[in-house]
Amino acid sequence: MKKIEAIIKPFKLEDVKEALVEAGITGLTVSEVKGYGRQQGHSEIYRGAEYVVEFIPKIKIEIVVSTDEYADIAIKAIAQAAKTGKIGDGKIFVSTIDSVLRIRTDERNEEAL
Amino acid sequence: MKFKHIALATLLAPVALLAEEATLSSGDTAWMLVATALVMLMTPAGLALFYGGMTRSKNVLNTMGMSLIAFAVGTLVWVIAGYSIAFGEGDLIGTGKLFLSGIAADTLKGAIPELLFVAFQGTFAAIAVAIASGSMIERVKFSTFTIFSALWILAVYAPITHWAWGGGSTLNFGEMDFAGGTVVHINAGVAGFVVALMLGARKDYGKAAIKPFSPILTVLGAALLWFGWFGFNAGSEVAADGIAASAFLVTMVAGAVGAIGWLLAEWVVYKAPTLIGGASGVVAGLVAITPASGSAGAMGAIIIGLVGGVIGFIGVAKLKKLFKVDDSLDAFWVHGLVGIWGSLATAIFIASYAMKEDYNMISQLGSQAAAIVLTIVYSGLVTALVFYVSSLLTGGGRVDEETEQIGLDETTHGEKAINL
Amino acid sequence: MKFKHIALATLLAPVALLAEEATLSSGDTAWMLVATALVMLMTPAGLALFYGGMTRSKNVLNTMGMSLIAFAVGTLVWVIAGYSIAFGEGDLIGTGKLFLSGIAADTLKGAIPELLFVAFQGTFAAIAVAIASGSMIERVKFSTFTIFSALWILAVYAPITHWAWGGGSTLNFGEMDFAGGTVVHINAGVAGFVVALMLGARKDYGKAAIKPFSPILTVLGAALLWFGWFGFNAGSEVAADGIAASAFLVTMVAGAVGAIGWLLAEWVVYKAPTLIGGASGVVAGLVAITPASGSAGAMGAIIIGLVGGVIGFIGVAKLKKLFKVDDSLDAFWVHGLVGIWGSLATAIFIASYAMKEDYNMISQLGSQAAAIVLTIVYSGLVTALVFYVSSLLTGGGRVDEETEQIGLDETTHGEKAINL
Amino acid sequence: MKFKHIALATLLAPVALLAEEATLSSGDTAWMLVATALVMLMTPAGLALFYGGMTRSKNVLNTMGMSLIAFAVGTLVWVIAGYSIAFGEGDLIGTGKLFLSGIAADTLKGAIPELLFVAFQGTFAAIAVAIASGSMIERVKFSTFTIFSALWILAVYAPITHWAWGGGSTLNFGEMDFAGGTVVHINAGVAGFVVALMLGARKDYGKAAIKPFSPILTVLGAALLWFGWFGFNAGSEVAADGIAASAFLVTMVAGAVGAIGWLLAEWVVYKAPTLIGGASGVVAGLVAITPASGSAGAMGAIIIGLVGGVIGFIGVAKLKKLFKVDDSLDAFWVHGLVGIWGSLATAIFIASYAMKEDYNMISQLGSQAAAIVLTIVYSGLVTALVFYVSSLLTGGGRVDEETEQIGLDETTHGEKAINL
Amino acid sequence: MKKIEAIIKPFKLEDVKEALVEAGITGLTVSEVKGYGRQQGHSEIYRGAEYVVEFIPKIKIEIVVSTDEYADIAIKAIAQAAKTGKIGDGKIFVSTIDSVLRIRTDERNEEAL
Amino acid sequence: MKKIEAIIKPFKLEDVKEALVEAGITGLTVSEVKGYGRQQGHSEIYRGAEYVVEFIPKIKIEIVVSTDEYADIAIKAIAQAAKTGKIGDGKIFVSTIDSVLRIRTDERNEEAL
């Protein structure tokens, strides 16, 4: 099983979620993170001081899928929906998951997804 | 309020005031009851939010707590001794009214009960020391500040008030200070600056970005300060009459153009008008008009307030960098520097109907300057002494490094600004 | 305040008013000082929070900033020219009081200083344009709105005020508008609607869930609006007398039942009484009673306010959907539509003791309708013109797409509502 | 206000009051207009924030909503029947003023319009039941509380008010209760306690850490309560005179020392003065001075308030643990217990100038005790009955377990305190 | 070494933590996330509009343990304590960790846990 | 490719970021978490109750790097910058990443970093 972690721009969350749902992905977990990378942060101003905010708000999406095909489908859906073509669009990381358990039913692995 | 006595006769004199036997005016008393409540609100609500919103999230409560304790302790020492020092009989120092002795419910001060005058003036003492707290935040010990509040009101605020409004003529230079430009704002600004100097800068000052917790609080605080300032300025007439009305209108105008001045300056320099800037501009405009509020007209107020807003911005964004002093929330720049402008402007911008025939601007500017210098010198020296004593009594005036780094809300108060 | 002149003689006339030579009443002046402060608080605190709390977190400060700048700019243009247009001499337009010329501290308006009347009326002008800002949030340029505020007060608000309260009889149809139901609320609601139409809808409108930042701010804002509304309505009597007392009581009652009406309607439709609904209902009830506050009794106020709350809900939840206009915070529906109800209701629900013997409800309803139509037409047309000019002067009135998407707090002001 | 009638003659009697024919005083009316607005602000703003800030984030809006609905429903039932019960003619119960019948804009109560007195007293009724809501939060149904508010004001608050201030002598024991120590605070504290007992404790009470949403709101709420309390106490004189001034000053002093007392106690016990403690201390000090505000001097106020703050802390931190009752926001401990202290202290600390020659402290203490006992017994019993009925009408007074666990903001109101 | 990531209902955090501590787990990291899955969100209401909140607040718990046995113990403890039997109880994902370092002491791997 | 997850004390974030940038790491993602471990939480006080806050605010830093050398460099930089020597300094976990995608350019794996 594979875990897909995508870092995207916050305002793309809704689009990405819809693309995933259309692609048949029915479960995901989202969190608010801050990114540091090539994208320049904006400047904030505070009474006689202007400073650059280096950490930029991003959204992290985590999806665990049962097969490599599903992983590819999900990656494609995310990449397409999250792309603006401007710096800071984000990255998708894929790793391996050893096992899964659905707490409610005690189902395991593929069945739990 | 000094100027009031000069100008009053030429204006609307409430009937009661000229009567042989003083009687209570229910209209004036009604207004002063409210004016006092308005000024009261400025400290534990207006200033607490204005300052709290500009503090980092880990110290918001501590900053607000300083305004609260300033009002609490200030009120207590005021009724015990402060009022006597400020408004008791005497040339250099007032005496005879400790514990408000001799003042009953039917004792009058002009056309209002003296007990009400005690309360009104007490709110001024409290806010003065609370303004100074802005220079000390994020590092001063809560205990030190508490003791400092009490001592400072007795040793610094009350004497200066006595000279300006309460007492004899030796240290009164005939300055015009209708509502406390020198007494409250320059005084508090200087005091804050001195303590900031003694405390030293915050560890992160000039290094890390110090993000204000929430401009929402700061804007709300400024709005409440403005609201209260109507009591501050128009209440300083101690009557509901034409001068109070004029003071009210110029307070409204100066706050408005103060905001415009600061925002324009920000827009020119940073291309971004900030909310904290707008809120600060309101306060700067109000500080500027305070000494002139009983004498300036609406058009004078436009100049005084607008320039006040711009000077405030220049002070905070430019001049401050010439000094190494971490005057954290700019009590000196917004209250001290702008207060000096306001005091000098008071002599320059006088409504035609408020100007005496033999008025001499140059000599009045001299009086203003003399009062400013006296305030800076006395407040500077005695504040240093008072803060030194307060530090001694509390084992040092500054929290330790770890406390500063973790934040005072958690370490001193065991609380958190917001639990989501 | 028109109606006051009609009804006054039949009620408690303050002694001074009937006196041959007008004299200042310290009681009336005391009340009007406070009433003005109360109305002032409504804009940079009450409305700023009420609106700010309903805005998305990325635009909260911008929304609050519009209320602040509306008050700042509004005050400035009011003392320069607005007051002269509204309350100067003249049938169609007022003149002669530019820069408040001719008004000294001892000039009276009735039994209070005219300078105080200037301030009181200025707070009305400011809040009117601030109310309209609610229709434009999250997309209008800050610079455009700033210029719009100034022009709108001069070109739209001041003339309409002149016809209703200040001037001759050509455009005054004998309508009853005690405290500004037509002048302020219908006027501002229509203006907001027109600008919303011109700006176009927010990108996310009708697509994504637009979550209010915090109902806490909205409730606090509504409470402060209510508090200030006592000054708005009871202050419109310009005296501390029985009619002011009556206006006060009905203001309390109508806000209360407005909340009840809206909450009941929500409960029926959604099975959930919301806090934003309760706060909106308070405002709707207050809007509804405004024109009638000097004439309705407490029982009339129950009906006016309750129906006002229900109409507000229906407008926002049902009627709004029939239009494609993104009147973002519903200035038209809550102030315009409910204001129309209030204006008509004013002719219907009159306390027995306030009704003249020869009162004719049908003809009065005609007067009300005429004033409503005049306001809608004039405000609609001239607001469009004024906004068009403001947009031209600032290179378009709407921010670009990316700014809208990132939010105006970061892009325009370089600030964040809250830094945890 | 009972005591006022006793002491008044010995003090500053406003001229009008002694005149044969009552006339309206614009000064007194001006003050009472404002005082009423101040007390109004206490409920939907002051108490809503004070309580809301101490609630968990998932229930903040519900808690604030209870203050809002208490004021809305309270106002409605007050003008319909509450005022008649409390201030109509009759020994045990008032009658004759249902729907405010017979009261016109020019009907006077003393030197102010009776309609204004209606509004002023209505704000007291509303805040009383809102205070009691603090004992019920996080589990009572919103519908149950809404009905309870209406019934409680009619069945509990209005009769007790009648006995103390409005009516005959059968149930008036000559107690001194200037501004509602017994009528409002003990009464509300007992009512809250009884309902808390009937509801049972919150599931998490005593188990999980219950974190307050934000002390910022609590401090702001306390500041607004204090501000409003000037109207509450000094307004209870129903005139702008020397006693009002005295009541004002002691209100300022008692709030200040209440905060000091509570903070000192916390500092001794926990080594940490909290902001919620400071805010609670302000309220405790104000509760303590309320019945004495017309008679105590500033020095008496120092003792009353300081002890009030300490007792409040002891009640909440120690005595509360002896009971199993989840009086969630301590309405009983802060209003009931401290209210009892204040009522007894009223008989002990009287300003020399306010004390009648034949004053007998022991007998006065007896009167106070009798009134306290009457209030506890009547309020305890009838509150239980009223809450029982309210529960029946809404299918049980408590939300189900899941709702309690998810939080009432989401489940009842469909809203969230803050959307970042 | 294994990493256990559990998505649970927020109000179960305290119970789960206690169960873990009882089972001998002494370190964990918690974060606030939002989940999308079968569980229906509640509806929020805003002035004339009712909308469904699709992302539901969840808590993510991360635990790194040294052995598979410990992993099983932890999984069991979590699953038991977090279960309500209703939709939305959450999932437990297990993956492999290559190395661990305790910053304070420079201890590595098993010793660092 | 390796993923480095570090749990550190919040006030060390700025130092750690600078150390990483100096070491040549140009991308990272940060989130706010709460930790439970040996470090004792502080006590909070609420009207007559004092309770210990067991979950302590921490910062989680995630960095994906292309090679083991880079991983070592990053680990060293973090460990050094985040160390105070007091309990609660935190931990660094390393795991394996299967693939990476840069959304903006569709670059993959090493090139995407």
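Letters A, B, C, D, E and F mark the chains as written, and numbering starts fresh at 1 in each.
Heads up, the rule we're going with is that a residue touches a chain if its C-beta (ideal position, glycine included) is under 8 Å from a C-beta of that chain, and two chains touch if they have at least 3 such contacts.
Worth saying up front: this structure is predicted, and the values here are computed from it rather than measured.
Undergrad: Tell me, which chains sit next to both subunit C and subunit E?
TA: A, D
Undergrad: If you take the chains that touch subunit A and keep only those that also touch subunit F, what is left?
TA: Shared contacts of subunit A and subunit F: B, E.
Undergrad: Shared numbers divided by all numbers used: is that above or below half for subunit B and subunit C, i.e. same or different?
TA: Subunit B vs subunit C: different; shared/all numbers falls short of half.
Undergrad: Looking only at C-beta pairs in contact, point me to the busier pair out of D-E and D-F.
TA: Answer by contact count: D-F.
Undergrad: Whole-Å distance, subunit C centre to subunit F centre, using C-alpha means?
TA: 52
Undergrad: Quick check: how many Å separate the C-alpha centres of subunit A and subunit C?
TA: Averaging C-alpha atoms per chain gives centres 46 Å apart.
Undergrad: Enumerate the residues of subunit B that touch no fewer than two other chains.
TA: Within subunit B, residues 25-28, 30-31, 34, 211-212, 270, 272, 274, 276, 413-416, 418, 420 contact more than one other chain.
Undergrad: Could you pull out the residues of subunit E that touch at least 2 other chains?
TA: 31, 44-46, 50, 95-96
Undergrad: Please give all chain pairs that are in touch with each other.
TA: Listed by label, chains in contact pair as A-B, A-C, A-E, A-F, B-C, B-D, B-F, C-D, C-E, D-E, D-F, E-F.
Undergrad: Please give the residue numbers of subunit D that touch subunit C in the complex, ascending.
TA: 24-31, 33-34, 36-37, 40-41, 44-45, 48-49, 52, 60-61, 64-65, 68-69, 71-76, 79, 99-100, 104-107, 112-113, 115-116, 118-119, 122-123, 142, 217, 240, 412-420
Undergrad: Within their complex, state which residues of subunit D touch subunit E.
TA: 208, 405-406, 410-411, 413-416
Undergrad: For the complex, give me every residue of subunit A touching subunit C.
TA: Its residues touching subunit C are 11, 14, 42-46, 50.
Undergrad: For a test of understanding, state which residues of subunit A touch subunit E in their complex under the given definition.
TA: 3, 17, 26-31, 64, 95-104, 106, 112
Undergrad: Could you please specify the touching residues of subunit C with respect to subunit E in the complex?
TA: Against subunit E, subunit C makes touches at 54, 209-212, 266, 270, 272, 274, 276-277, 280, 313, 316-318, 320-321, 330.
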